[in-house]
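These are the structures, in structure tokens.
Next come two complexes built around chain A: one with chain B, the other with chain C.
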Partner chain A sequence: MTSFLAEGSLGFWSVPLAMVGQALRVSAPYLYVSLGETLTEKSGRVNLGLQGTLIMGAMAGYAVSSRSGSALAGVLAAGVVGGLLGILHAFLCARPKVNDIAVGIALMIFGVGLASFLGRPYIKPERVPAMSPDISLGFWSANETVRANLQVNLMFVVGVALVPLIAWGLKNTRWGLILRSVGENADTARAMGYSINGVRLLATMAGGVLAGLGGAFLTLAMQGGWKDGLAPGTGLMAVALVIFARWKPLNCLWAALLFGGAGAIAPALQSVGLNEVKINLGFTQLRWGRYVFEMIPYLLTLGIMIFTSSGSRQMAGIPDELTRARWL
Partner chain B sequence: MKSLKIARAFAAALVVAGSLVMGGCDKKDDKGVSTSAGGDKPLTVGFIYIGTKDDYGYSQAHHEGAMAVAKMPGVKVVEQESVQETDQVVQSMEGMINNEDAKLIFPTSFGYYDPYMKATALKYPNLTFLHCGGRYKTGDPGNCGSYFGYIDEAVYMSGIASGGASKTGKLGFVAAIPIPQVRRNINAYLLGARTMNPKATVSVIFTGGWSKTEAEIQAVNSLADQGADVVTCHVDSPKAVLETAKKRGMMTCGYHANGSAINPETYLTGAEWNWAPIYIKYVETIKAGKKPDEHVVRGGLKDGFVKTSPLGPKVTAASKKKIDEATALATAGKLVIFKGPLMDNAGKEVIPAGKEMVQTDDALEGMDYLVDGVLGSTK
Partner chain C sequence: MSDAIAAANPAPGLETISIRKTFGSLVALDGISMKVRPGTLHALLGGNGAGKSTLVKCIMGYYRPDSGDIILGNKQIKTYKPRDAQALGIGMVYQHFTLVPNMTVAENLVLSRGNVPMRIDWKKEKADLRAFMRTTPFFIPIDSPVRMLAAGQKQKLEICKQLYLRNRVLFLDEPTSVLTPQEADEVLTMIKALTLKKELTVLMITHKFREVMKFADEVTVLRNGKFAGTGLVKDLTPTQMSAMMIGSETTRTAARGAKPRGELLLHLDGLHALDDIGLKALEDLHLNVHAGEIVGIAGVSGNGQNKLVEVLAGQRPASAGRINVHGERFGATRAEIRRHKVNCLPEEPLKNTCVGQMSVAENMALRNFDARPHSRLGFFLNAGAIKRSARDLIARYRVKTPSTDTPIRDLSGGNVQRAVLARELSDGVEVLIAANPCFGLDFAATAEIRAQIIEARNRGAAVLLISEDLDEVFELADRIVVMFHGKFVYETPAAEADIGIIGRHMAGHGEADVKHEVVKT
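Right after this comes the complex of A and B.
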């Protein structure tokens, strides 16, 4: 087997390094969306529309940054657009007998389509947008490969900083308590005098803001710019990661890093010359190539989900309102 | 038990939503219409693209050709973007025929041909359908035709530029999926590089799809980690590859269209399509009331179907000389990229010594190997 290992390079160690590097490079959208969805679901409502919010945020962030020349303005615009879409979701869901999952699916399609329509002039923007800056986390290493892989974007750092903040806020503040009580038992919360729809509106709006910021990361921190069909399924996967993370912000971080990093396995294995794994079972020989490697992020997620689940606590941590009868 | 039900509802909703997002919502009728004066009834020509017409890539190259056609007198151009390689392309063709009275249609993506374009051509025998990608076979409907460019000639020039400029002799190639056209480009890139550096290698990473931004970013980073200092690609839009390479301080060669705006200092050259001449020729033929002479049309640098980007500042003098020589050969129709003895990267001889395969050789269009010096899997 010919290999592409450079003299003085990291050899097969470059595969785990690539995973770490890739996790730092691409996991932020998963993180932002899953944090946002955690907030929304904690209030007892599901917003499946975050895929659309993510894409609208990506487009709006890129467009505003291109027009204003300020990355910060772009990021803020993405957050505002995300928040507005969250409000729209909450407003529709507050109508009687409206199902939040159906509204979410509608808003997902709406968001993706609207972004495609409005984003047309920004596929090739007249002015190259200002990008969100990078921070070097590898300054301690003399190895250039290590340093290059530990370049992280400021928006990722902010996302990571939000994790303990949200976890603390949910657990220790009055706002967090109200949010959780609405999500656990709406009737009780109503009896206590809280506006169920009001709390859910704020929670869905906050979720939308975060998803919009995740979208800004796609276009203002990751390379490639705005285009049609950007990040298909990223927002949906992030919503699924919330269940995987058991509605805990810290777990959202691990889930996002794991899923983002696992995507590096297929390209990184090819780069060190490993194209196929042969396993001899005696009666037959398995030949696992690229196609199996590309499945790894999904297999890993499924595997951990099965592993951490048991019959008795499979939905442990789910806000109780989500388990009540829905119009499905 | 309740929670199980919810889990199922969740899963079902995600599946439904997922298929909608990935399958259905690209449907959009965005028809750019441009008309030119002249003649009593203009000839309507339809173009169908897989991507958007300003994607820095494959579809943009065709759109630029379509715009050259739109400037011709007595011709009206209708375009539709983001059409998938499914029944959607049939609807798109039907729409152009029935609503716009199109007489000539160019469905430009590889997967449009079989069965979609063939079936539509049978239904409308008096109209002409011309497909990019070259899948016409004897026995296909007579009003079908296909055209394609030998872009590997331009990729070969990228290889010469890269082989000369690389310090490490390690070149990277980010490829979408292993089909013959892609393998031919990878091989031509290596063979070009070896004319400057006989020890040069090309490490190829397949991302598994035409437009997978995350995987493309990772692929470039992995190639840089392994010491590659030049990278090129064959994906739908090379933008993410070029920008990531810039970040990692690598030199680049573009694909589909000129990408030098992203990194003018380190952009060596690139392989570009140039569809305008062939589109104009086809439209002139149809306007004159004739049928195209041949069902299969091919052309390379000589015919102006493809071209190389202007050479960047990092291209060495020796490479430049070699590129000029090879371009002169190509212009004279004498460039031979694939000649024996040539081994594949599994150690098997694919072209015996003394045999030269000219560019028009049909066997090259079914290329199923990667040549010796390419590090990567054929599958």
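Right after this comes the complex of A and C.
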């Protein structure tokens, strides 16, 4: 067994290892977007536009870092672009009779389209400077595959550090308390003299900044380049993940890792030679191949949404303002 | 600022001098002067629309009075917004809770303070809160999320919050309306104790005589925005207070055909129902309504009337008992409604029985769009026929609308009411249930709606009129039943009705008279 490991082949164990590695490598966008959306939803508003924000952040981060030669400048630019899109969402929603869900969908399409338009010159430029040295979590192992799989990016570490910080801040700071009171009962917060729209503007902006940073991770740390159709649905899945995480930052981390890891199932199964699952039903034979495996993250989203919703019970942990009818 | 007030125990008194407030042409308060002496529990009584809430909101800074002065202690004060009142140590407890349910008691209290520190030291805050809680008569677990508290606990927390904010003058707006009588007594006993210690001056808006008699020191009564009387509670009887509340100017105007009452149409047999939180809302209701008769249910709002309407309309299940129409069990299914011609005119019809964005014609057809001639083969709608019927109804019931296609929510309140009344009366209604049918309407619309109800009666319909407006009940009803705490407590033919006796029953002080009545007949 030892010699087997030394050769760098782990056999079937490489599937879970690849999933863990993948989770550590690609979960950062889920994590950033879901933390951002948690902040926004805690203020009593839903920003579905974060898919657009994520893609705009990805494009802006890549464009700025390839022009300036600085990865940090790209990351900052992505954050600023995300914040601006958040402000736009909050500004539109503050108008009378405007529905945040509808604005979010519009901004999602707007963001993806605008990124595609503005990003055209950047589709095939030279490589951008590396963002930061990766941090190795596999130092304890002599196995190359293990070490290669456990490289994590600094931005992921920062994202993980944000989790306890946000959780603590929501509970133990004035801003946290005000944010939650606005999201739980706007009338009460208004009676205490807080500006509902002001608080929501800041919360949506902060959510946008985080989503923009998640976007920068996509192009600067993961893909190493900008292209159209990057990360379709990642932002939307991250928004769904907030519900799954019950609006708790720590749960966002677990859920982001789960969703990130699920994306590795298809390639990992292929890498161990499992290209197809045949199921014989007697009268017909099902052949499940790559396309079915690639559906797994989306099936996971769907399954989670069904599993966690109920026709009669109200969801635990949901900010009360989100449960009020806001369609008229 | 509130520190200064706290140091200057005891609680100050409060006085209003000739407060006047108008909304457009409506005079909501017509020169109200009242005096709440320091360290007392003062009750503010009055019917719906008497101006109680408006007066308190003027003092709290929600409204700015047109004229008049407010004196706190011995200083004249100006309140332009609720924060000004708070800074002066005046606080208010609302009918509905203003707590954040998903936060803990401690978080709610700290949040209410306004000057929350940037970083909250929960250990210290909780120690402070526990120490504070010991200085009050309340015991509320501070780590519990508010949503886990019972209604009585929540109301205590609201009052606790006012003490925590060091308010010395409290307005309570029907503080017991969501509480059980036991919880209400407990909360009011604690408040009373605080006033006796001169820590609080309390003005309590209420329409419950029981609470006034048991807890208040003094009472001021408003009627239609005017001062109607004041006095020490120990010098007054509920009868005198209800006389102040109701006044004596009742007139009967609508013309009615004198007709012997017909067959029994609507029969309630031991009807029981529960409210949303599972408490008894209706208890053992027995009632007969005959053809060609209007039975008026009088009562102060919140004594189960809206629950009764919901049960009759099929919106709330009866927990026991039955409703019979034409001697058959009635469960308010669409088939039964159509067979027995039981129609309903609930209060706020735009909200309760219309689809706001659908057209006037469509709304008028809600009862019969699926029957001929409005529907072909029971599936395809005949828009032409629906519009023709609507045009006919609009003309007959004088509904003012730009067209049959106008969304009904664009109509004025009176015209929505007429449109719904047209729908409910047009198909030969046999049992009509009308709840506060003229609420919020102007004089002309009111007269017309009432005339239509009388006409339906004259045509032989059995009408059950549920109204908080005693004048309306007196004007329309052939028989009057008083509802109190979900029970029918008194019944009398309208011709022999005495407004004083009815008022006392409405206030739950009628037992003696019931016996008296029985002896007399």
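Odds and ends about this structure:
By definition in this document, the second predicted complex is superposed on the first by the 274 of 328 C-alpha atoms of A that agree within 3 Å, B and C clash if a C-alpha of one lies under 4 Å from a C-alpha of the other, contacts with A are read in each partner's own complex, and residues count from 1 in each chain.
Simple rule for what comes next: a residue touches a chain if its C-beta (ideal position, glycine included) is under 8 Å from a C-beta of that chain, and two chains touch if they have at least 3 such contacts.
Since the model is a prediction, treat every value here as computed from it, not as a measurement.
With chain A as the common reference, chain B sits beside chain C without any clash. When the two complexes are overlaid on their common chain A, residue A:197 makes contact with neither chain B nor chain C. Looking at the shared chain after the overlay, A:290 reaches chain B, while chain C stays out of its contact range. Between the C-alpha centres of chain B and chain C, as seen from that of chain A in the superposed arrangement, lies an angle of 130 degrees, given as a multiple of 10.
Legend: residue contacts after superposition of the two complexes on their common chain; A:68 is shown touching neither chain B nor chain C. Counting the residues of chain A that each partner touches, chain B and chain C differ, and the larger count belongs to B. By the touch criterion defined above, A:185 reaches chain C but does not reach chain B.
Shared-chain residue A:275: touches chain B; no touch with chain C. Judged by the touch definition given at the top, the superposed model places A:228 against chain B, while chain C stays out of reach.
The superposed three-chain arrangement places the nearest Cα atoms of chain B and chain C 13 Å from each other.
Touching chain C in their complex are the following residues of chain A: 171-175, 177-178, 180-181, 184-185, 187-188, 191-193, 317, 319-320.
The part of chain A that touches chain B in the complex is made up of residues 2-7, 9-10, 14, 17-18, 21-22, 25-26, 46, 48, 51, 101, 104-105, 108-109, 112-113, 116-117, 120, 123-124, 145, 148-149, 151, 222-225, 227-233, 236, 239-240, 243, 263-264, 266-268, 270-273, 275-276, 289-291, 294, 314-315, 318, 322-324, 326, 328. Contact residues of chain B toward chain A in the complex are 2-4, 6-7, 9-10, 13-14, 16-18, 20-22, 24-26, 28, 30, 51-52, 54-56, 82, 168, 170, 201, 203-208, 211, 213-219, 221-227, 237, 239-240, 243-244, 247-248, 345, 375-377, 379. On the chain C side of its complex with chain A, the touching residues are 82-83, 98-103, 107, 110-112, 114, 116-120, 122.
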